[in-house]
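In what follows, structures are represented as structure tokens.
Common to both upcoming complexes is subunit A, partnered first by subunit B, then by subunit C.
Take a look at the complex of A and B:
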């Protein structure tokens, strides 16, 4: 049996179905988008070949570069909330002896609730007219906070959207970290205690370094997810007001489907793919270097 | 070993063949469904419909009733409805159908790139000609007919959803309390807003999340002063926001409304449903809405708490006579490729019974000039004189502007309303979209 699993053909047999699906649904789509990016096309009717004109326009598009900045800020907030917040929550969970399962379930609930519902809930919570729960509570401390605009204020709408995204997926990463933390061998913990380590030192010196590969994997997952993030920003703020919370993906969607500039939208999609790959590889390289050092 | 390879090759061949045949089979079934609905080949079995609508929308209610009745009378199967409520989703769906040349018998379509593409593949019946054929062209409200006139060839390819007239609802009780009168021009309107604001009221409720609601404030003045003159000139590059008095006036109005806080707090995140609930729930003093909300408004109107007024004039300028925006909603097209004798009969049946379905089922104004039945909410009878003789339709910028300009303008109008952009900056940005 073991011999069979070692044979190339058998390995290929197991890998091939997934590879075919991946090629069909991801690679072909990317290549197709790349093809469309060389055309001026409204999505219907005739396509006009315009070479790299869409890319030239994209390089000069100030709104697009603003969305790149927004996406990076959005990603940083999401990494902070989902990875570090998730890790913190997981650590707290490991310290609990009672009610852990209940809390774990409660924290996980937003993950299974659809983005539409989450955005609706936050729209109501953050509402100004009629006053939502958050402003009502804040107004206890300062009356002006009753009229604080969260979603429709260009200065904070991006951060609010990032917070909601972070909140939604925090539970998912918390569960992964929790599983990793309880998988840390007991003898390592005991050895640390014998060496006189306090609780913080046990985590900081022993457990967190032990689960470093999980932290890196989660960081990559969150990085990629946030760079391509679409639903929360689109549903909550529609990228607005103006373009204040516009992300690369919502801008791509608007260009392709609202402005009906499929070619230009495809060019943006290609740049998103490239940015995701560059960020992903760079992050991997940096963390690999850290591992070898 | 060779035998094994041969068998493997044979099996692979069989798989490829079966996959190919499955593909052919599905192609067959596709054309079969075309046969089911269309009149290109074979006998029609049912009528297929694609609508940008929900199950509570007037359009669906009307067509569902009429097409079901027609199908029953003509021995057809139940009509097949496909409903898509989201704008962007609907556009994507329609593009898919146009590109694959497989549009249903009846489909919703807005004037613009999509209707042009549908015309290119000969999938739009000339509704004007058809109305003429059945002798009902003159029965349709002139303004509604005008609304759907194609800018390229002057024909009408879209059938109206209903007659929609837009106006401001206002809280009579609050106006009486502060001794205010319904404004006649925009200066009076802003003065009323100022007074209400000073009294601690919310002057105007607006659904700022919906593109069209803020765009109305931008386009009121250009419409009253130029009808479609400005927007056509803007698209052609002969008019600019920076130079046109009407357009400048519109930009100034929206900026003032937003920055003076005459709209409710957080207005940019309020959608139409929420704004409706706010106003009819007792928040705010004015709300730009229309005949589509008669049902919600009736109770307050009967109690004497609500009044209505038309779009104010631009003071000191020439304003056209029509002051109530009238339009036919999101148009409906009939697919010319499947427009057989049954569909011709169906069209006639729809037209002849449309008014009854509008008033009795959907509670909206009919686009035909038929007499209104008795027993409707009194708002129906009180609103009717406002548009009875109107001949000029509303000029919807959403339809006139190309998608790219519209999307950019929507972003800019939000900045303008929120005050993060001055009217001058807005005008400059809006003008740059055309030179681009």
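Take a look at the complex of A and C:
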């Protein structure tokens, strides 16, 4: 097989189409954004080269640094909900004897709903006047909660957006974890039972260590997914009130496409790339070290 | 106990869509007078009529279908070829190429929007299908290749070997032996990426301008009036209609997707 497939022409035939599209759009875009970031440009008319002026301005832009903080908090919440929540859902599914396939399919439902729809649904569920379903239910526990503002409340809007994002994608990670858990060899589980492990020990000592690679790869997916998340903050809370739920990506988008500062927007884009890369590589480094230890 | 937990989780995960479907039958009066959690007073389909008569929903459907198919077919072909080659063929630089392609997982898509917008503008292809399709193919490559890469590890070498010995060219071996053996993984990737593409917001929002090019996700905002008041009945009816295809697609393919994912899950 290596002989037939290993020829240069064959390898290129298989790899080139993907590489060309990838380089043309992904790599070139990033380089191009880097180029724009050195200009003052409104999208139309002349570009003026201003060196690193955009970056200097960016370093002093308090709003931008606030969005970095927001994005990190947002990411932590999403990792908690999607990775831990997804794993708990998946473990629960494996404990069921009946109706697994059906429940697994139904639990997945929020994933297939578009974020635009999810935001519309939640803006209605979370509304205060007229009182929405969530506040109506919460007021059973505490009467004050009937008038609790969520989306237009600067104290919580960021967390609401993060929660909705986590909620929307939880099912996706549940399915991946579930697939991994049912792939754990039966004899491992049986050996643990013979050794007298109870249910919790079976999961904690045997199954979860076995699916550790999947947990790590899911963490990376959630991490990268949340660092660049856009839709929920842009559509549900509109970054507000004020900048309370603005994320790096929505801030960049608004600077470029609403304020027509393409150069400045590109500089933000480059810093986002750097932050994503640093977080991504750090996480990989840390987990790989854990692997060899 | 388990039944109770299952039921609670079920309510949490399914209630929003239940709410959408029941609310899509509410009249304006119902929205004004009934409690938000109440069921509609009558079985009323007026909102659905409104969706199809007052907005260009059928055009949006046509656009979304063209875009989803336009993304999926090339994406599946090129990412499967690359994922397969990277996992089955040993050659110098193999690891490097894989890592290079996986960098895309870390790159936020929004970064590409400014350059792509200006490039498309200069080429005069803003507000066309390629402008919405091409970036989505490119930015879905990394994840699709990763999935195909881990699925392909499970393909038995012997069968591929046998085809080669029988005189099959590598390309024919791929088309006639590898592809038919990989229906589960193809369906897994197709389902995941298909749903993402159908639900895409930012590409369509940035690269299209006219109503004639809108997709179903953008069309959901058609029922927000000038004063910011939303016609919720029509909006919920529109959500129901646009979510339906993804549900049907998912219910049909979820079985294959599970076996596809189970195979690809553990071995890295």
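Structural remarks
Everything that follows uses one rule, which is that the second predicted complex is superposed on the first by the 286 of 293 C-alpha atoms of A that agree within 3 Å, B and C clash if a C-alpha of one lies under 4 Å from a C-alpha of the other, contacts with A are read in each partner's own complex, and residues count from 1 in each chain.
We take it that contacts are C-beta pairs under 8 Å (C-beta built on N, C-alpha and C of every residue); 3 or more make two chains touch, one makes a residue touch a chain.
This is a predicted model, so every value here is computed, not measured.
Looking at the shared chain after the overlay, A:120 reaches subunit C, while subunit B stays out of its contact range. Of the two partner chains, subunit B is the only one that A:242 touches; subunit C does not reach it.
In the superposition on chain A, A:10 makes contact with subunit C only, not with subunit B. By the touch criterion defined above, A:45 lies against subunit B but remains apart from subunit C after alignment on the C-alpha atoms of chain A. Within the superposed three-chain model, A:66 lies out of touch with both subunit B and subunit C [touch as defined at top]. Of the two partner chains, neither subunit B nor subunit C is touched by A:197.
Of the two partners subunit B and subunit C, it is C that touches the larger number of subunit A residues. When the two complexes are overlaid on their common chain A, residue A:103 makes contact with subunit C while staying clear of subunit B. Comparing the two complexes, residues 43, 127, 130, 253, 257 of subunit A contact subunit B in one case and subunit C in the other. Across the complex, subunit A meets subunit C through its residues 1-6, 10-11, 13-15, 17-19, 21-22, 24-26, 28-30, 32-33, 36, 43, 89, 92, 95-96, 99, 101, 103-118, 120-122, 124-125, 127, 130-133, 136-137, 171, 175-176, 178-180, 182-184, 210-211, 213-214, 217, 220-221, 224, 227-228, 230-231, 235, 249, 252-253, 256-257, 262, 265-266, 269-270, 272-273, 276-277, 280. For subunit B in complex with subunit A, the touching residues are 88, 91-92, 95, 98-99, 113-114, 116-117, 120, 202, 208-209, 264-270, 278, 283, 402-404, 406-408, 411-412, 414-415, 418, 420-421.
Remark: subunit A residues 42-45, 123, 126-130, 147, 149-152, 154, 237-243, 253-255, 257-261 touch subunit B in the complex.
Residues of subunit C that touch subunit A in their complex: 2, 5-6, 9-10, 13-14, 16-17, 19-20, 23, 31-32, 35-37, 77-79, 81-82, 84-86, 88-91, 97, 101, 104-119, 134-135, 137-139, 141-143, 145, 157, 160-161, 164, 169-171, 173-174, 195, 198-202, 206, 216-218, 220-221, 230, 232, 235, 239, 242-243, 246-247, 250-251, 254-255, 257-258, 261-266, 268.
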